[in-house]
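Have a look at these structures, which come just after this line.
Two complexes, one shared chain (subunit A), two partners (subunit B, subunit C).
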Partner chain A sequence: MLLPWEYGVRNLARRPMRTALTLVALATVVMLVFVVVGFIRGLEQSLTVSGDEDVVLVYSVNSEENIENSSIAARTPSLLTASLDGAVKRFGITNVSPELYLGTRVKTDEGDGGLGLVRGVTLSTPLVRRRVKLTEGDWPGDGEVIVGRLAAAKLGSSDDAMAIGQSVEFEGRRWQISGRFAAGGAAYESEIWCKLGDFQTATKRQDLSLVAMLLSPQSSAAEVELFCKERTDLELRAIRETDYYASLQQHYKPVRLLAWFVVVLVSGAGIFAGLNMMYGAVAGRIREIATLQAVGYRRRAILISLVQEGVLLAAAGSLLSGVIALTMLNGMAVRFTMGAFTIRIDSVAILIGCGVGLLLGVLGALPPALKALRAEVATSLKAV
Partner chain B sequence: MKMIVCLSLSLVALLAVGCKDGTGVAEGPSHNRYDLDSGKTQYEAETEPAGAMPVGEAREKTEDGQDVTLVGLIGGSSEPFVKGLAAFTIVDPKVPYCADEEGCPTPWDYCCETDAVKQNIATVKIVDDSGKPVTQDAREFLNVKELSKVVVKGKARRDDQGNLTVAASKIFLKKD
Partner chain C sequence: MALVELRGVSKSFRKGDETITPLDNIDLDIEAGEFVSLMGPSGTGKSTLLNLVSGIDRPDSGTITVAGTEVTGLSRSKLADWRAANLGYIFQTHNLIPVLTAYENVELPTLLLKLSSTQRRQRVELALEAVGLSDRADHYPRQLSGGQEQRVGIARAIVAHPKVVVADEPTGSLDTETSEQVQGLLQRLNKELDITMLMVTHDSDVARIASRQMVLDRGKFLERESGSIGEGEIGRGGIMQVGVKESGAA
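Presenting the complex of A and B:
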């Protein structure tokens, strides 16, 4: 015969302080798991949505995987469009975007700032970067910039400092913010965009970093890649944008592995904390457990009741953390080397967080309960 | 009744067309006729083509449109193959690449000899009967990989910048 369900529930209320402390400890562990898993999911999501299947990037073969180091001739876009007919052409405009992209020190009006990512763009850029949407203000004119939704996070600055009408300083010039843009969570959201010509003048450069081409359905990235191989004198390489971000995923694999390792460590530490708490809780109830055995309850029934208490507490802690994570943590911007991204508490994060929470309840309760049940009933009844 | 039969047949025909994979682009396997006896594709030569010249020499001597036979090692960059096309770059065998004991993960990029590579590299694209590149990765059907030594026979294309591309109709994989 099992112990009544209410017995376990009431037991939790009998020692409110101990229960509250255990609940806080479990909730903290689950919260840490949420933070780390949310970080990994945010990073993965940012890299996954950043690429466009139909866009191919052409940049310097010498820059390896880092486009910031790329330098290609300014005539590359015209060479590509003259030699290849794969790019989408609408209303006489070829969807090819020449861009100058680099990391540079950016300062806001408030005096704070840091290493920002700036992209010199043209009017054809939004045709190729189809996710980008101007959410406020206008496209940049001379001496103006538009800032991504996460640019402030990337600079470690406040959103107010990056509002329309404010200005930022980089490459020895002041630039007024004329608009803000979003890109569905893609990496561009942490960037600052200005007119290509302006940026070339400010940086005293005439070259480009890359050319992004929107390919028509009839053409393939392989054709562009073949062109780059044939024109060895240009020292270009072409890569589908999704493949580029997939390679970045590989680049950040050690970071993700480390983060998962942290999840395991935090969970392990949480289990030990749970064990400690439950040992304390059960140690004070040895006589009660022995009495239950003496009354006639089987050891298995008492064990289930103790596990039930642990799981109830862990479930409550997981729920509490889940609510806090969803309301306060989800969408929080995180600065990272490649830009910035938002912590993502999605279904996977919820599943892992709550799973770890419930596991803490079961694994934390089992060993102390088994220890208490192994003792002789007669001895336990005399325990102080 | 006749009407229903006709409609059913049309529907079946439409479904059959709809289920067909591809978007009208010539797929590689359809162009790769395998010789059942040798197990080789139509692009693989049975014997080594004679008179092969190294890539460096070919860059100096070959004219645009000339028939040419080249010998070289697949490489020249970290990714010498074009994904989705039977095309790759080859480098003159005289250019040294990192030895095994140096521990270089990608010796085929000739990272220590980049200047020498510029004058000793050619692009090879395997073309079908109509002269279009075969739309299948060379690694998949030619049994080649990075640093494979190959002899290719085809038509040279030169440009004003001195680049050399060979539209190859035959390729031979050297075992040495």
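Presenting the complex of A and C:
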């Protein structure tokens, strides 16, 4: 038979200051776990949704994984469409997007700014990049750009500085913002898009970084890959877009491992907070615990009650952090080398955060509870 | 068969290099309904004996049978169950749970019994009534006087209708007036509710309320009739000088 629920609850109010401090410590630990897991989930989500199964990217074989370093001939799109019939054709338009992609210093009207990601695109780009949706304004004309939802975050500037009508400066030119776009959390959301021709002029380049092709259901990425392998003179490489972002996930594996390591370290610190509180709580109740045993309560029942106290406190801390994380942290933009992404407090993050919180409660309460129960009842009954 | 039977019970402790044997091969019988007081100098094993009878300590040798159950043979968890159903414990320092009200403190042992909520409530109310604290049921221990706390402790000890109630210096921490009230209460519970009691006390006046008074010294029992223990008899060696009946095999 278990001890009354109220016993555990009211014990928490016995030393309110200590309980409050422990609650804050546990909530902080769980919050840090939320931040780190939200970061990992946001990064993973960004890379996962960025890929399209039906899109194949063709870029320079010499650039390895980094498309920014890729340089391919401007005639590549026509060469590909002439040699391969795998791309989707609709209303006479082939869904192939030639793009020039560059990391360059971008300055806003407010004077702030940083390293931005700029993509020169054509009208066929949205046909291939199907997630992209213009949320405000118009498609860019000459000397204009559209900015992704997270472009401001990537530059470290305010949303106001990236509003329609404002301008940005890069590659020695001023560009007016004509619209804003979203891409369902994909990596493009941190980019700035302008007309390909304009961008080539500004950068004094005639080449492209890549060609993105939307493949028809009848064709496969393998055909494009085979073509690139056979035409060694073109020095091209083709990869399915989902595979490209999967390889980036591998690239960021050490970062994720480090983040998980931080979760473990932070949780460890939280366990000490729980241990400190519960050792203090149990140390002052040696006689009481012995009395409960003398009355007829089994050790297991008392142990469960003590663990219940730790878990209750940890649950309160987790709840507090969960609410803060969901209302203030979720969707917060984070700058990263590959662009920007949002912290994602999803069901997995909630599960891990609250799971860690409850684990802190259990692990923090168990050792002091076991220590108290190991003491001789006869001696403990007369403890001061 | 006696309600409480101790046969050849010994218990030793190590204190540094020295081994102390407060209980050395003792026998004891307590009949149902008896009120036995146990006196003796400090360190003679009175509380140890109480703890052995209540199953919170184990003897080195010998057997202890209470209400037909040999408690020395029970596992730790079985002993807990047995205590819940058969034993009430009154502590010198009351040992109430500070975060529970008087009612909830008294209710604690009944939660271990198979009772309906109505039966449980009735028992708790009756126990509180028996100790005259029905009007303090909602009070927390910090809101009660020492005497009231001890009465709650007594109510907690009797609420499960135990076969035996053991009391370790039940008046030890009370003033004279409150002590007398508690003595009266214990006597009344013994007589009116026919509760078998084993009480340890240092106070010969308190010991006199028992129907049978025993003195423990050097591992042996010395037994006197009700109301016959004098102050001079309590003390190491002193009891050996008076004409008392020795019991125990040692």
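What we mean here is this: the second predicted complex is superposed on the first by the 364 of 384 C-alpha atoms of A that agree within 3 Å, B and C clash if a C-alpha of one lies under 4 Å from a C-alpha of the other, contacts with A are read in each partner's own complex, and residues count from 1 in each chain.
Just so it is clear, contacts are C-beta pairs under 8 Å (C-beta built on N, C-alpha and C of every residue); 3 or more make two chains touch, one makes a residue touch a chain.
As the structure is a computational prediction, the values presented were derived from the model and not from experiment.
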Touching partner for A:L381 - first (subunit B), second (subunit C), both, neither: second
If touched residues of subunit A are counted for subunit B and for subunit C, the larger one: C
Partner chain(s) touched by A:E288 [first = subunit B, second = subunit C, both, neither]: second
Partner chain in contact with A:D233 - subunit B first, subunit C second, else both or neither: first
Which of subunit B and subunit C A:P217 touches, first, second, both or neither: first
Which of subunit B and subunit C A:V61 touches, first, second, both or neither: first
Partner chain(s) touched by A:E225 [first = subunit B, second = subunit C, both, neither]: first
Touching partner for A:S124 - first (subunit B), second (subunit C), both, neither: neither
First, second, both or neither for A:M1, with subunit B first and subunit C second: second
Subunit A partner contacts - residues on subunit B that touch it in the complex: 23, 25, 76-79, 82-85, 87-89, 118, 121, 123, 125, 133, 135, 159, 161-163, 165
Subunit C-facing residues of subunit A, complex: 1, 3-4, 6-7, 10-11, 13-14, 287-288, 291-300, 376-378, 381-382
Residues on subunit C engaged by subunit A in the complex (per definition of touch): 47-48, 51, 54, 56-57, 76-77, 80-85, 87, 89, 91, 93, 95, 97-100, 104, 108-109, 111-112, 156, 160
Touching residues (chain side subunit A, partner subunit B) in the complex: 61, 64, 217-218, 220-223, 225-226, 229-233, 237
